[in-house]
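Notes for the one structure printed next.
Read from first to last, the chains carry the letters A, B, C and D; within each, the first residue is number 1.
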Amino acid sequence: MSAHRLYFANQARWSGWELAFWLAWVVAFFIPQSNLALLSQILIWGLFAVSMDLLLGYRGLPSFGQAAFFGIGAYTAGYLSKFGWTEPISGLLVSGAVAGVVGLAAGRVVRGLHGVALLMVTLGLNSLLYDFVQRSTELTGGDDGLPGVGFAPVLGLFKFDMIGRTGYLYTLVACFVIFLLLRALVRSPYGLALLGARDNPRRMQMLGAPIDRDLTLVMGLSAAVAGMAGALLTQTTQFVAPEVLSFQRSADVLVILVIGGAGFLYGGFIGALAFIFLRDLFAALNPIYWYFWIGLLLVLTVTFFRRGLLPALADLWGHRRKPVAVDAKHPKSQEVAP
Amino acid sequence: MTGLIRRQALLALAASTLLSAPAMAQETVKVGLLLTYSGPSGLAGQHADDTIKVFQQRYGTSAGDKKIEFVKRDTTGPNPEVAKRLVQELIVREKVQLMIGPDFTPNVLASAPLITEGKVPTIIAGAATTGIIGEKSPYLMRTFFAIPLVVAPMAQYAYKTGVRKLFVLVADYAPGHDAENLIGKSFQAQGGTIAGNLRISLRSPEFSSHMQRIKDAAPDAVFAFLPTGELTVQFLKAYSDSGLKASNIKLLGTGDITDELLLDAAGDTALGVITAGYYSTAHDSAMNKQLVADLAPFKHAPNVPIWDALRLVYDGVAAQKGSPFNGDKFMTFAKGRKFESPRGPIAISATNGDIVQNTYIRRVERRDGKLVNVEIETIADPALR
Amino acid sequence: MTAATVLQTVGLTKAFGGLCIFKGVDFSLQAGERHAIIGPNGAGKSTFVHLVSGLLKPTSGSIRLMGQDVSRATPQQRVRAGLGRTFQINTLFPSLSPLQSIALALCERDGLTAPSLRALARRVDLLDEAAALLARFGLAADGERPTGLLAYGKQRVLEMALALSLKPRVLLLDEPAAGLTTAQGHELFDLLTELAGETSVLFIEHDMALVFGYAQRVTVLGGGALLAQGTPDDIRADPVVRKAYLGH
Amino acid sequence: MSIALTMLFNGLTYGVLLFVMAVGLSVTMGMMNFANLAHVSLAMLGGYLTITAMDHLGVSFLVSLPLAFLGTMAFSWVLERLVLRHFYGTDDLTQVLLTIGLLFMSVSTVAYIWGPSFKPITMPAVLTGQMPVMGLSLERYRLFLLAIGIALALALVFGLERTRFGAMVRACVDNRRAASGCGLNIQRIFALTFAIGGGLAGLGGALAANLLTLDPNFPLRYLIYMLIVVSVGGMGSVAGTLLASVVIGIGDVVGKYYVPQAGGIMIYLVTVVIMLVRPQGLLGRPA
């Protein structure tokens, strides 16, 4: 195979440690006494961070409102079950679709924005939705959460049991399948077009790429994935409250992605593992002041691992065959002097 | 590369095997403790810890022939997802046999199915919304208070003391809406009229427009229902700065708005405010005076719901002397039990496990340099006679 | 507009409020022609290229590309109508490698960038075309390194390769040899003539050796207006040009 | 009619408070292109310095204000020199996450030093209660706030326009490279401007302590308001921040009075609308 074909083939091929990564999750299921509830929530945070990675890592769009789509997915799954549609898998897909449609609409609205303006509008929209859901108690149950949420067993066989075994497997399979689709997507020409638009929208224009339409599309896709992550949370905890839409969640997912490393798809999962563990660890150490350590972790990550844990790890191992070495903190692309 | 795989598997392994401590010869009853220690409402958790320290200094760490071991977890505030995971961790892996908390209604609602399935008697010491105890799980009890307990009596007291036009101001969230409906219904049942209703956002630091609406309605009194926290302090400040305090419009409310936690932060703006509450540090009983004195070194008021929950746990465990601890036996022991609390006489309802207690009408006064809620009237619960 | 004219502007004007920086230029480019645009700084050369490529909207006048009126068309529509351009300052993909950049350009050209699950690696013919193009531009050795790390000269060549990879009918070059040594400049233009094939090329250039060496026709702009147009020899002799350029 | 005027006055004074707290952030964001979300923690620091000065040093509230300003200014200088100046070149997301980290650290540090509970602040008698002004009964503290706000706005606008230092600051805001090209010591100007900005935040925090209550979670609650005021006003524009603060202050108060069921969403609505119409903010320069 000629050199350039090998170059592109390597970027698509499954590398050894990718298989190991997913295998570890399967092994964790069989370890007795393992905290399946914690691991499922880490997976859900990871998938949510991957949806953010699509937007920030691949298309270079920061957003302070990703929790809005997560919450829409979570509440859609809740309402579906409340009105009798308790089958989880179809519920998951419908929730993703609803969040995706809202994402497309949001994409059209924020198309012309970038930088701080984009952060502020996404923040504003997220806050508006949070405020509405929290205040309309007759419709959403407000702070007390949506009443009457319950789900049928998965595939009619596996009930969502107390220990969380079904919940864990259901979450793991869902995350894996969605991840597979995203992995194929970012390795297709579309993925390359996202990276191109992130690096230099003006050059993409001159290649004939409809960057505005693509931007709306990527917002919709990332919203759909975030919505499915939200639906997974509702289905595995059989409960949903306004907290799923909070600004804190939008900020946490950014922190997770930066810690893990943007532009790698795996950065989301690695960041979630690190963030949730360290938060639980610090909270157990001294519950009152653990915010300090989370803050310090963030400052150190941004200072030393500027591209996140994963790239640093990858460099550490001097690993040749890792996926496309995309530098999420690239220097500003050369703007054309007017 | 193999190094990385080993590291991955190790990480997953470490994460998942939180092994529990081996059982001791003398039976140990493990009690799960789910409070908020961090985040905006982290103060409550810290005060509960001090209260537990004082309780254990007085009554030791065992009851009857069994040792009591607390397993603490931080729910980090109203986070149902975190709370449910911690409840599962406590029941499934720590194998706790009793639980105190979680606080905040969404946390309780998310955990109720687990509590029922695990058959773990759980005492709620920090969630006030109605419709939890008795309905969501047969294993729930409450030593905190329910909103109706303090709202309905305030309506009667207001009417009795000559208030005919009442302005209702609540925080715009689920408990607030419950309180708004309840005060409206019970005050109108007395024959009074509601001069106006206002729901204020939980995150609005600016109160002057709300004060103006109150002035427009020119009521005889204002009933305020706000969560204990910065919102209440800002409201009390705005109420006095806007001149409403000086005018003859009385300020009434539930115990939350003059909670000891924020009395000194509110300062003189809280003077004279009349509230209906379940506990005041100024409650005139030997037991209360002793407790308040014991907590003085910690420089904050005792967390009485936690104190009563501990009392219930210790008595319940002691009652099962000679036989291994059984959850259902504890429930039958607890339901219908009457005992003296620092707040006054209380009982756990035999029918649904909710708390039965007196309501106290209190007015904020300055007693030897310190602001306290002086109890001026007791509305006893018939069941307690 | 004869069949051979690939690009034509009629009365093309651009004004920012009162300030008119491009006054009614009529211009035409024939198929396969190498046409240079020269003029002192601020003559409106870059403005002209921005107007034709759609990055600036004309205030009045029309632009016809391959017979279609593209005056109001978006840059994307003009690219699909056969226009390609390079930029004065390198406008490339810093974190992508040259191979990826050219592959991306080819994917856009063949309309493959709609969301799909088919891996780029499986489009072998497209990858071969990309590798061949890079080889022809002498960039094969640096094919896999991030563009941001390439030498400036190589980046200029990549800028040209990107534009040509779309097989445009009309290629606009905004000072292609900017920042290059004269030798590198000649090398670049030799590559251009060799690879441009029947693409018509319109280029802005200051280096008169390159202009008179490679242009078949020359247009001189000054103060946003058309001063003169003709073969390199006409322009060299034209008194108006001498005045604008040499001041006597 | 008098009600509308009172509402307007209250909205204006609320806007002025937001302005004093946020103007430092607008200048640092505009000038150094640096998104310092921890600016709101500096405001909290000012509040705590005022309370400590009044409790421990026994000074009056009015005397404590300059102390809060200078104390926070000194701290900001150290913070900038030690940490922030290494991050000037980075992209805005890195800065946002760095300063959110610092903000989290400030929450716990303050809780550790001053304790987790609400801090009472005793106001001098002259600044409490109501005062009749032109037929309206206005709160004395808000009048005091208005006076300080106007004085500060004038000082800042003239400070930037008329003084030599102001010219240097504006040069840096316009084009950092050109400014350093003509010999301006960029590092020193940045450090000084950041310190003054921090000092202003401290003063704002001290003034806010009476109105907005002070506890370790102050930054978490008011971060969003600060960001909104700065981005709606337009980065780097003092006048823009003033205009945005007043628009949002009045919009919030009047909105809540006349449309109470809209509640707290007025401020978010205004933000989304303005940012969509003018992404660079009311008076900001187009990006």
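Keep this in mind: contacts are C-beta pairs under 8 Å (C-beta built on N, C-alpha and C of every residue); 3 or more make two chains touch, one makes a residue touch a chain.
Everything numeric in this text was worked out from a predicted model, so none of it was measured.
Participant: Write down the chain pair with more C-beta contact pairs when B-D is set against A-C.
Facilitator: A-C
Participant: Nearest whole angstrom, what separates the Cα centre of subunit B from the Cα centre of subunit C?
Facilitator: So the centroids are 73 Å from each other.
Participant: Taking the mean of the CA coordinates per chain, how far is subunit B from subunit D in Å?
Facilitator: From the centre of subunit B to the centre of subunit D is 36 Å.
Participant: Please compute the C-alpha centroid of subunit A, do the same for subunit C, then give the distance between them in whole Å.
Facilitator: 41
Participant: Using mean C-alpha positions as chain centres, tell me how far subunit A is from subunit D in Å, no decimals.
Facilitator: Roughly 33 Å, centre to centre.
Participant: Two or more other chains touching the same residue: where does that happen in subunit D?
Facilitator: Each of 116, 263-265 in subunit D touches at least two other chains.
Participant: If you look at subunit B, which of its residues touch at least two other chains?
Facilitator: 39, 42, 46, 172, 199, 201-203
Participant: Which subunit A residues sit where two or more other chains touch them?
Facilitator: In subunit A, the residues touching two or more other chains are 131, 135, 288, 290-291.
Participant: Would you please name all pairs of chains that touch?
Facilitator: Per the contact definition above, the touching pairs are A-B, A-C, A-D, B-D.
Participant: Enumerate the contact residues on subunit B facing subunit A in the complex.
Facilitator: Against subunit A, the touching part of subunit B is residues 1, 3-5, 8-9, 11-13, 15-19, 37-39, 42, 45-46, 74, 76, 78-81, 84-85, 88-89, 91-93, 105-106, 109-110, 113-114, 117-118, 129, 172-175, 177, 199, 201-203.
Participant: Spell out the part of subunit D that touches subunit B in their complex, as residue ranges.
Facilitator: Of all residues in subunit D, those touching subunit B are 3, 6-7, 10, 14, 116-120, 122, 128-130, 137, 139, 141, 210-213, 215, 217, 220-222, 225, 249, 252-254, 256-257, 260-261, 263-265.
Participant: Can you list the subunit A residues touching subunit D in their complex?
Facilitator: Against subunit D, the touching part of subunit A is residues 56, 62, 109-110, 112-117, 119-121, 123-125, 127-128, 131-132, 135, 247, 251, 254-255, 258, 288-292, 294-299, 302-303, 306, 329, 332.
Participant: Using the touch rule from the top, collect the residues of subunit B that touch subunit D in their complex.
Facilitator: Counting only subunit B, the residues touching subunit D are 39-40, 42-43, 46, 172, 198-206, 208-210, 212-213, 216, 230, 233-234, 237, 240-243, 246, 261-262, 264-267, 300.
Participant: If we count contacts the way the header does, which residues on subunit A are in touch with subunit C in the complex?
Facilitator: Answer in residue numbers: 2-5, 7-9, 11-12, 181, 184-185, 187-193, 195-196, 199-200, 202-210, 214, 217, 221, 325-327, 330-331, 333-337.
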